[in-house]
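First chain written, first letter: the chains are A, B, C and D, and each begins at residue 1.
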Amino acid sequence: MKRKQRTFTDYKDLGFSDKVSNQAGRAINKDGTFNIRKHGLKFLEHYSFFHALLTIRWWKFLVIVLTTYFVLNIVFASLYMITGFENLTGMAQGSFWEHYLEAFFFSTQTFTTVGYGRVNPVGLMGNVVASFESLVGLMCFALATGILYGRFSRPVEKFIYSENLLVAPFKDHTALMFRLANAKNNVLSNVQIEIMLSISEKENETFYRKFYELTLERKRVNFLTLSWTVVHPMDEDSPLYRFSEQDFKEADVELLILINGYDDTYGQNVHARHSYKYNEFIWNAKFTPMFKRSEDEQYTILELDKISDFQLIG
Amino acid sequence: MKRKQRTFTDYKDLGFSDKVSNQAGRAINKDGTFNIRKHGLKFLEHYSFFHALLTIRWWKFLVIVLTTYFVLNIVFASLYMITGFENLTGMAQGSFWEHYLEAFFFSTQTFTTVGYGRVNPVGLMGNVVASFESLVGLMCFALATGILYGRFSRPVEKFIYSENLLVAPFKDHTALMFRLANAKNNVLSNVQIEIMLSISEKENETFYRKFYELTLERKRVNFLTLSWTVVHPMDEDSPLYRFSEQDFKEADVELLILINGYDDTYGQNVHARHSYKYNEFIWNAKFTPMFKRSEDEQYTILELDKISDFQLIG
Amino acid sequence: MKRKQRTFTDYKDLGFSDKVSNQAGRAINKDGTFNIRKHGLKFLEHYSFFHALLTIRWWKFLVIVLTTYFVLNIVFASLYMITGFENLTGMAQGSFWEHYLEAFFFSTQTFTTVGYGRVNPVGLMGNVVASFESLVGLMCFALATGILYGRFSRPVEKFIYSENLLVAPFKDHTALMFRLANAKNNVLSNVQIEIMLSISEKENETFYRKFYELTLERKRVNFLTLSWTVVHPMDEDSPLYRFSEQDFKEADVELLILINGYDDTYGQNVHARHSYKYNEFIWNAKFTPMFKRSEDEQYTILELDKISDFQLIG
Amino acid sequence: MKRKQRTFTDYKDLGFSDKVSNQAGRAINKDGTFNIRKHGLKFLEHYSFFHALLTIRWWKFLVIVLTTYFVLNIVFASLYMITGFENLTGMAQGSFWEHYLEAFFFSTQTFTTVGYGRVNPVGLMGNVVASFESLVGLMCFALATGILYGRFSRPVEKFIYSENLLVAPFKDHTALMFRLANAKNNVLSNVQIEIMLSISEKENETFYRKFYELTLERKRVNFLTLSWTVVHPMDEDSPLYRFSEQDFKEADVELLILINGYDDTYGQNVHARHSYKYNEFIWNAKFTPMFKRSEDEQYTILELDKISDFQLIG
């Protein structure tokens, strides 16, 4: 085996330090996030609630909305209680808890500005609390409007990737190949891919993790409409030249996939990350086609569920 | 006829596989969408409702809004029925259906937070449903606000194209020409055009569809204020060098037009696609002018309805 | 006088046809709009109401909002009249017009969802109209929210320019100079300028208008924080080499200024256009300084009202 | 000491005039704003309230919202007073001030469109004011919605920088080094840095302030995930070649740091500025590591509170 020497131009900084001690876990998780945590600042200083509310799953978002609504109305019902239920007219006769319940529902009517008016504030303090609550309610819904718009208008690129990376003969060499497609119907243009090789190398008896950019047979497509099989030829110029299956394992190889493109529908740039570790490599296999013509020969069908399908060679 | 050999640099990936079996239909439809469908994922996984609501026509959007409003109020009226009409005070005497109708309209008053209050909830369950409905109503209108803003703020580039592509003498050669203009009054700057040739070529007795980028006499204008006649000279460097009308037909030629520019008004990039098939070509014709000076010589008039006008050449 | 020959590379398309017959008016108006009108499509097809509402002046916008509000309430009041005032309970006794007036104000209460409820709908048709009106009202305010956000979030670059363009000695040559500054406090970065020369040239006994890009001593600044004096040296490479005051007039010279930059505050690209005609040129003059240090020497003061100040030379 | 001669290509305009008289204060303040003020236009012409409302601190924003709410309701309560309290029905018996108070709270109910309806307008003028107020209220909340969305959706890059700039041996030379990191959890990609040297130079017996761009060992990272130590080698090509501590002081050296990158989370470009003056330089020191592996070796921990930590060298 001949391993290529690292040259300065090969190297490309991925935002990791260039010489980190050898590490076990992934650099990029399967969901595209970096495997890094930040300490040393107070939680609030590097946490963005708005960001969180934009990106959490829908059911969590709805639970937060409902919980906030419930808690705020409890708070305001308690304020009406503290200022005295006599500040609210129109309440039915009843026990303390029945009054509290009426105050709670009066609070919801004020918060949402529905304001039926059967129960309504008369005294000074009741009016002060109610006018403040209706302001708070409107600001909360102003906020919710923004968040909902933000959630929906974020580019929702959903790239799907072949489960495995295939190692197969390609022209005169061996090549690494994986396949990706855009699962959504929005049009992605000017899609570009970079692959970073994360590899453990020995230097002065110590193992260091280093990063190289791998050359690709093609690194840009005008439109990602069908599937794209990304190919890195392991030729003389590749840092992986003549690597065997065992070499990949020993060097703890991870490929970091960086994708960017332009989303025509949302008018925004999209970015995605993915990674393959050596144990997700399949040797001597090739992908089977994942698109075909429709029966009437009028359009092309892309079969997204076949993206990981491959067949072993010889 | 001499047909140029495909070289690697000529080739430009359009997101189609580079060697697809010869196909009959268009690659890009006249409205700029790709002639491709995606299968294999559940409908919801590659469908974006928000995207759909942004791009459907106005009358469909309004029908959806009205239908949603009607259906949701039916649902909530039924909830008031289930929890018992006695939970709502102020209803007039009447039959079951009259009560249901009053509950329906009470629901609309709650949903829109208009809350007149003649009818209003008294019991626990009536209040629970009503306070939930007003929350749902506000969230729906938050959503509608975002969608309306999204609909209006999307760049509404409307390029218009000459109906035909003309093949005419140009300098020492023949050239392909078509004409486009911006039908809207917004200012488009830095407008660039790429033309992809989709052509059927024979290789080892099989016909394959291949794609080439065509060179243009000019591929960028600073501002698209008047019309732009895009010209591809069919010279020695063109894959269409010395093609005859019959050659275009046999090779099932389609030209894919890719346009991008910057919309000053909306501050966004705009993209458009168009295509011409060989049967939309007119031989030996040239475009007639589509702009003139105003009578008082003070401004230029662009006559958009003349964009397809041409005259045959001797 | 020696006039430089037009070469192909000099030429830069400004979106005007390259050979237009000689014209009198400006190509770009003082406010940066193009002096072009589009005919041939129906008005609505190339008019964007949303765009108009984003860009009209504030008082016009407010007049439109108030008028729309008034007209819509007239419409709905009339609908309540048509369906019968008996569909609204709680109205005071009175004449037809008093009823109509009450219906009008009931309509405003429904449209804005304030819904006091003294007057409220009872019959079927009254309820149908009212529930429809509250929906319309909410959609209108959703729209208004979007438009207000759009109005405020548009980059409001406000470049100010020296009133005149100065022609003065510069190094070994004569040069054209004008001055601009950002009147707003937002930070503009990566600001670039292009100057297009629009000139009337004789060819085969006919005058044609042609466009050249002029080279600038500096065409980009990292930040536009102070004023920027833009300089075109009229050297051997300039199409204006050795032009006299009379030459400028005869050639009906207009300089088109194209500016773009990035607005840090709004996170958007900004574009601006300006123009100078030959009769706005001042010969043998230079700009006087428009910034100074504060008295405590701690910061720099940019005096925007001095941007046009110049002094004659010799 | 040998000081390099300024050449034209070295020079890079920072938006300051290229030859300004020597000045004492900083060019860029520690918070990244420019140390410049604009005079000569009326305040409103170069002040943007919307911009201010987007960027002021939260507590100021909330104070403005509450104050505006209070003041507007005072205004409308006074209008109800002027048009006569008899235009409002349902008010309790009481003194003038009790009526005014009721009018004030009725105003809040109208402004927020909560509209309980116990107090409600009857006469013409009361209705006119109320229907106008509810319109104003909705427009205000439309505005607030936009501002809240704008506040949250602005990229909130928060770069943190080492307190000092270190001067230390680097390869064969001395180098300037500082360290930065992204304190937030959002992913920044394609981060680029430029360093401008602001230096006082003698020319014809006068001191002028000049600006040079400094070359960096690395000026771009794909992702800013960990810390980044930015290094300027003071080699033969540097305008700071062989500068001593005394030279830095005499030349009143300030380094202006310009950072830009792309925020994956918000889909926007981010820009930041920072500066170091000569008195913030530490000689013969190097930074100590600020990241480590987690105990389970599964992820990397970035310790943001250690960003300024350094140790002196021999």
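By definition in this document, contacts are C-beta pairs under 8 Å (C-beta built on N, C-alpha and C of every residue); 3 or more make two chains touch, one makes a residue touch a chain.
Since this is a predicted model, take the numbers as computed values, not measurements.
Using mean Cα coordinates as chain centres, the one most removed from subunit A is C.
Of all residue numbers used where subunit C meets subunit D, under half belong to both copies. The two sides are thus made of different residues.
For the pairs A-C and A-D, the count of C-beta pairs in contact is higher at A-D. Averaging C-alpha coordinates per chain places the centre of subunit A 38 Å away from that of subunit C. Our note on geometry: subunit A versus subunit D, Cα centroid distance of 27 Å, whole angstroms. Residues of subunit D in contact with two or more other chains: 109, 113-117, 141, 145, 149. Subunit B makes touch with subunit C in their complex at residues 65-66, 69, 73, 92, 101, 105, 108-109, 112-118, 141, 144-145, 148-149, 152-153, 156, 158, 183-187, 189, 191, 218, 220-228, 262, 264-267, 291, 293-294, 297-306.
Interface residues of subunit A, counted against subunit D in their complex, comprise 12-17, 20-21, 23-25, 34-41, 45-48, 50-51, 54-55, 89-90, 109-110, 113-117, 120-122, 124, 127, 130-131, 134-135, 137-139, 142-143, 145-147, 149-150, 154-155, 194, 196, 258, 268-269, 271.
On subunit B, the positions that touch subunit D within their shared complex are 113, 115-117, 145.
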